[in-house]
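Dropping a structure here in structure tokens format, bear with me for questions.
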Amino acid sequence: MTYWHEKEFEVRDYECDMADGVNNAIYMNYFEHARHCMLKEAGIDFAELARRKVGLVVKRIEVDFIRSLVSGDQFVIKTSISRISRLRFEFTQEIQKNPEGTIVARAKLVGVPINAAGKPFMEPELEDKVNRLLNKYNSDQTSNDLAHN
Amino acid sequence: MTYWHEKEFEVRDYECDMADGVNNAIYMNYFEHARHCMLKEAGIDFAELARRKVGLVVKRIEVDFIRSLVSGDQFVIKTSISRISRLRFEFTQEIQKNPEGTIVARAKLVGVPINAAGKPFMEPELEDKVNRLLNKYNSDQTSNDLAHN
Amino acid sequence: MTYWHEKEFEVRDYECDMADGVNNAIYMNYFEHARHCMLKEAGIDFAELARRKVGLVVKRIEVDFIRSLVSGDQFVIKTSISRISRLRFEFTQEIQKNPEGTIVARAKLVGVPINAAGKPFMEPELEDKVNRLLNKYNSDQTSNDLAHN
Amino acid sequence: MTYWHEKEFEVRDYECDMADGVNNAIYMNYFEHARHCMLKEAGIDFAELARRKVGLVVKRIEVDFIRSLVSGDQFVIKTSISRISRLRFEFTQEIQKNPEGTIVARAKLVGVPINAAGKPFMEPELEDKVNRLLNKYNSDQTSNDLAHN
């Protein structure tokens, strides 16, 4: 069973484009903010890492857009994480509209930690924190589609 | 052989985040603008369609991030289009850094035209214009990964 | 005395630029969202008006940036409204960092309602709702700097 | 007479909101990019300064919105700079729609250089470069409204 991190959002009018719905790029903002909130819960602070030139880099993203979010919508983003290799992690994310719970979009991402030289690398301290997340929010889903990348 | 639509860009400083590179969500902005420029070349105007509640909807996107774009970078987005079913189109896009030509990111998208009722539908006039694009910028690439969605 | 509308926010990492603080343009997003929330409280829905081509247009904005907001900051935006002429309204806004209450930025805006033809105009129903806001969140501040515009 | 730096732009569809025009916050993006291009012409690179924690901080901005920019519009941003005190500079900016030359918006900003400690300070090397800009793009306009801040 998957236990998800959950983060609540509301659509802001400036996020909607001429077609009246939330612009596709904004979903990436939402997904990122939900992931960063989950990371922060385990003491992983993107801003602090960035200052030390340690990067948490997105290597791949897949998103299925199922419904549109529009002005005024309330929604929750559910996020889980699993390890696909020593230094590659997969995040599974889902947007659910409140209060109905209808699925709006689903995403899968591959993330990799890098050091100041830009090479895949994970400090032991970061690994400890990631392990805490893996224990708490690990998805059991096999992810054949991403594992080979 | 694939003939690509090409659109030139330069990174703007406000598009870069604390990690110094262009934020992942901004790539979606770039890809969208490149597609809309290609569509416009065939007389397909997103804004005019939106006013008539005709939508060009992205159903799925996949992006591989290979390198980072940083402040000052010049780059070109190459876009091609192919038909994967009656009302589903696949866009293949690639970001190449200038002047070296190194690949920065690759994307595949599935787009669907919808009518004012939100149903997949394509006006004959729109179909004519899309056919012109398919003739000019059609990728021969088979796209097994997206065709089944 | 001024009674303010209050809306709480938190800084999201994608809103910060290479200089590590929230990019100046993002403050406009924050201010807009706070105003739209205040308007919505009185039944004024920007999205619904936009669909009918009724516009709530910003004619002028002045912002003083006093401190920077950075990753992780929690803050509140306080908004009040006053009438400066028949069809011109002034919004006064202030960003206060939580929990200290230090002032981060102050803004003054002039807004004007327009009809579908783009002319300054206010439907009676809209006027009723605006009057409710003026009674609740009216600032007594004289605003010499903006009144003459 | 004022000699302006000029930078050309085109509206991108993702920059337009539900009211069909360019969202007000996006004008700040445009103004910033035009200023950074002007600075770069004199060898002042915002990204390189940010890496050394040298900041070019906007303390105040005033914008008058005169017309709307909409999808497809081509425009130019004209920028000039003048010195209002030892460490305070005023930028005057204007958006002109092409090819008509109609004024879309006007902005005035106060900018201040700061050092890594966050204090107003200007390195001699930066001062030399700014002086070059002041000689080339200096506006003679008196700016009573901003000088006292």
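Residue numbering begins at 1 within each chain, and the chains themselves are lettered A, B, C and D in the order written.
What we mean here is this: a residue touches a chain if its C-beta (ideal position, glycine included) is under 8 Å from a C-beta of that chain, and two chains touch if they have at least 3 such contacts.
Given the structure is predicted, the values throughout are model-derived calculations rather than measurements.
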item: Pair exhibiting more inter-chain C-beta contacts, A-B or A-D; value: A-B
item: Far-end chain from chain A, centres as C-alpha averages; value: D
item: Averaged-CA centre spacing for the pair chain B and chain A, given as whole angstrom; value: 23
item: Approximate Å spacing (C-alpha centroids) for the pair chain B, chain D; value: 31
item: Centroid distance [mean C-alpha coordinates] between chain D and chain A, Å; value: 35
item: Residues of chain A engaged with two or more neighbouring chains; value: 13-14, 16-18, 20, 23, 25, 29, 32, 46-47, 50-51, 71
item: Footprint of chain D on chain A - complex, ascending; value: 13-14, 16-18, 20, 23, 25, 71
item: Residues of chain B touching chain D in the complex; value: 12-14, 16, 20, 29, 32-33, 36, 40, 45-47, 50-51, 70-72
item: Chain D residues within the chain C interface of the complex; value: 17-20, 23-26, 28-29, 32, 46-47, 50-51, 55, 57-65, 145, 149
